[in-house]
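In the two complexes below, subunit A is the common chain; its partner is subunit B in one and subunit C in the other.
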Partner chain A sequence: MKYSPLITELIESFKCLPGVGAKSAQRMAFHLLERNRPGALRLSNAMHDAMEHVKHCAQCRTFTESELCGICTSPARQQAQILCVVESPQDIIAIEQTSEFSGQYFVLMGHLSPIDGIGPSEIGLDILAKRLTDSTIQEVILATNPTVEGEATAHYIGQMCSQHGIKASRIAHGVPVGGELEYIDGSTLSHAFSGRREI
Partner chain B sequence: MKYSPLITELIESFKCLPGVGAKSAQRMAFHLLERNRPGALRLSNAMHDAMEHVKHCAQCRTFTESELCGICTSPARQQAQILCVVESPQDIIAIEQTSEFSGQYFVLMGHLSPIDGIGPSEIGLDILAKRLTDSTIQEVILATNPTVEGEATAHYIGQMCSQHGIKASRIAHGVPVGGELEYIDGSTLSHAFSGRREI
Partner chain C sequence: MANQQIHGYILHRRPYRETSFLVDVFSIELGKCRFVAKGVRSPKSDRKSVLQPFQYVQCELSGKGEMKNLIRAEVLEKPHQLTAERLFCGMYVNELINRCLPEHILCPDLLTQYVACLQQLQALSGNTVDIVKARQEQILREFELALLDELGYLPDLGVDALSQEFIQVDQAYVFQPEIGIVAAQHYPHLRQFSGALLTAVLQQEWSAQSLQLAKYLTRFALSPLLGNKPLKSRELFVTQS
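== the complex of A and B ==
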C-alpha cells in the first residue's frame, strides 16, 4: 500500500530540496498537511513567483526580479570606483553585514572548473571584461572562496585586471578571529605568517 | 542590504518546514533558483494541490483526496474483521511494509492529551465508537506509540472495546530485533521479561 497520488507526488517533490531524503520529505509533507496548510500555500506561491520572475541583475549578475539589483541602482555605490568579485549572491550578504565595503559587486555564480565544463564565459567574465573597459573602476577586490578553484579563478581575473591596467587585490587569508592556533591547518598558518603586518 | 522582495519572501516561507531555520532556508532557496527551477515549480504545484484537496478518509481518518482511502475501499480488507488503531498515517505505511496485517485501520491523528485540550472527540473516538457498534469487527489491535500518552490512549480505547464486547489487544513491547540487551532501558527490559513466551 502506498499513500494517495497527491500525497505521493508531494513527498516525491520534496526530494528536490538539498539535504532532503525520503524520510525528511515524508516528515515535511505530513507536518504541513497536519499543522500548517496556510504556511504551505504561502510557500507554494512564493516558490512559484520566485521561479517565474527572479533573474540575474544585468550589471552584477546577482539574483533579482528587477533589471538591476538594489546595490547596482544605488547612486552612492555607483560613485565608488571599487568592485568586489564574489562567487555567490550569499557572499554579498555576508560582506554587507560587515559594513566594511561600500563599492559595487560582481557575482560569478560559481568558479572556473574546466573539468566540469565551466569556463570564463560560464561565470560571466565576458560581462566583467566589458565592465572593466567601460567603467571607471580603479580597484578590483577578489573575494572568491579560498579553495583550489576559487584561487584559480582569482588568479585568472587578476590577470584580466592587469591587462586593463586596473589594480587587483585578494582578500587576506589567515587565522580566523576567535580561532586557536593549535587547531588551524598548516596551509592557513603559512598564509598567516607570510601575510603578517607590522603593528 | 537585503535580498530582493521575492527572494526574501521565498526564504521566509521556507521556515515553515520542520527543522528548517534561517541558514537552511537560504540554502534551499538559492539551490532551487540556481539549479532546479523545474523541480521547484513541480513542488510548488504539488504543495498547492495537496493542501487544497487532501482531506481525511470518512471511515479511517487517514489522509486521502478521495472520500474513502485505498485500504477502506479494498473488498479483501472489508471482509477482515480486525481493526488496527494507530496514531498517524505514517504508522499505517510502517505496518503495511511488514505484510503482517491485512485488516482495516483507524487513525487517531494524535493521542489523548488533556493538558493540550486533546480529548476523545479530537482524536475521533466518537467515530470509532460508531464503527465498533455498526460493523462486524471482532478484534481491535492497539498500535499506539509506547509513550505515556500512547499507553493512556490505548487503555482508554481498550475500555471502549470491552463496553462493546469486542476483544482488544496491545502490540508487544520488548527488545527490538538486532538490539543489544546492554543498551536497552530498564522499562523495556521489564516488558520483555513480563511478556516472555514459551518456545
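== the complex of A and C ==
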C-alpha cells in the first residue's frame, strides 16, 4: 500500500536515525500521528533549531550553539591549565560524570586512521597545535580510546606536546572495577600488567 | 557448506551499521579478504580486543557470497606491540597492503615478509633514535620491494631492460617505469644513479645512499598502483623530520 506523500516523506525521514529501518520508521511515524502530535511538533522544532544553530566550539571543537562552549568559558577551568584530548563529545560527558577532571578539553571528532583517509588535519590537530602555542597549558592528558588508532593518535599528539615543551600523559588502561580477572581478555590483562604500579 | 577457517593478520577494521565491523585481514588461506564481524561494537562484546590491527587470529567464517560473516575469532599469539613511530610504520605497511594488494590472491611469501616486518619493527624498541630511524627505513623499503615484486611491478634491478645486459657497476642508469632500468643516455631528463648503487639495492646492502635510491625506485614503481590519491600515513611522519 502506498501512503500519502507527507506520510511517505515522514517515514523516509525517520530512516536517517541510527538503527531505524523501514518498519521502525513506520511505527514511529504512526505513533506520533496517532498519539503524540504536540510531542512531534516539539521534536521537529528542537531538531530544526539544533541543526541550524549547533556548531563546533571554536576552542575545543565540541558541539555548542555559542562561539565557545560552557567549559571553555569557565574561568575556573582556564586556571587549571590542563587540557584533556578526547575522540568524541560523548567522551567529555563520560569524563564529566566522574568529576575527576577540572581542566579544559579538546575534541578530535575521530582518530588518526590513514586507511580511511583520516590524517592529522582531518581531526583538527592544526587547531590543537595553535592552541598549544598560544595558551598557557601545562599538561595534556591523552584520553583517546585504547585502540591501535587511538594509540597512534596519542603518540602523534604526544610528539606535538614535546615540541612545545608541554608535559603529556596517557590515561591508564587495565582491569575494569568490579571485573574478574578470569573473564578479561588477554590484551587488556597484559596492558594491566605492563602498567602495574607499586603500592 | 562447511564454515571456513582462516589464519591471518588483521589489517584494518571500520565501523559497519550499528554494532558491526568490516574487517580486512591478510590471511594464509584467502590472501587479503574482508568479512563482517556482527555485534562486535556492542558494549557487551568481548571480541573488540581480538579484532585489532597487527593481531594474528584464527577466524571461522561462514557464508556463500563474497562477503563472509565472522562466526568465531581467536587470538593465536600475543599481538605485535608496536609503539611510538613503529606504530606509524605498521600503519603505513597496512595501508600499502590495503591499497595495492587485490583481494583473494594468495601470497604466502609476502605474508612471511609482512610478519618479518612487524617482528623487526617491534624488536627496534629500546634502541637509540638514530638507529631506529635508519632501521625503520630499511624495514619499510624491504617490504615495499617485496610487495612490488609480488605484484609484478618491480623492474629487474639486475638487467638493463633495453640491451638485456647485466648492470655494470661503473655505468649510469635511470628508471623508466614503463620499461625498467635503462642506461642513462636514453633518458637524459630522468634522475641518474650508478650501477654500483643499484646493485646495492638489489642485494639489500643498505647505506644512506642505497636507501635513498630504494625510496626513489619504490615511490616511482608504487605510483601507478596508488593513483592520484597519496598514502595518508605518510602525513604521520611529517612532524618528525
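Going forward, the second predicted complex is superposed on the first by the 199 of 199 C-alpha atoms of A that agree within 3 Å, B and C clash if a C-alpha of one lies under 4 Å from a C-alpha of the other, contacts with A are read in each partner's own complex, and residues count from 1 in each chain.
Simple rule for what comes next: contacts are C-beta pairs under 8 Å (C-beta built on N, C-alpha and C of every residue); 3 or more make two chains touch, one makes a residue touch a chain.
Here the structure is a predicted model, which means the values were calculated and not measured.
When the two complexes are overlaid on their common chain A, residue A:L181 makes contact with neither subunit B nor subunit C. Using the contact criterion defined above for the overlaid structures, shared-chain residue A:I199 touches neither subunit B nor subunit C, since it reaches no partner. Look at A:P18: by the touch rule set out above, it reaches both subunit B and subunit C.
By the touch criterion defined above, A:C69 reaches subunit B but does not reach subunit C.
After overlaying the two complexes on the shared chain, residue contacts for A:T147 are found with subunit C alone; subunit B is out of touch.
Overlap of the subunit B and subunit C contact sets on subunit A: residues 18-19.
Subunit B meets subunit A in the complex at residues 1-7, 9-10, 12-14, 16-19, 24, 26-34, 36-37, 39-51, 53-54, 63-66, 69-71, 88-90, 92-93, 96, 109.
Every residue of subunit A that touches subunit C in the complex is listed here, in rising order: 18-19, 112, 114-121, 147-149, 151-152, 155-156, 159-160, 163, 183, 185-188, 190. Listing the residues of subunit C that touch subunit A in their complex gives 11-12, 14, 18, 46, 49-50, 52-54, 75, 78-79, 83-85, 87-88, 91-92, 94-95, 98, 231-233, 235-236, 238-240.
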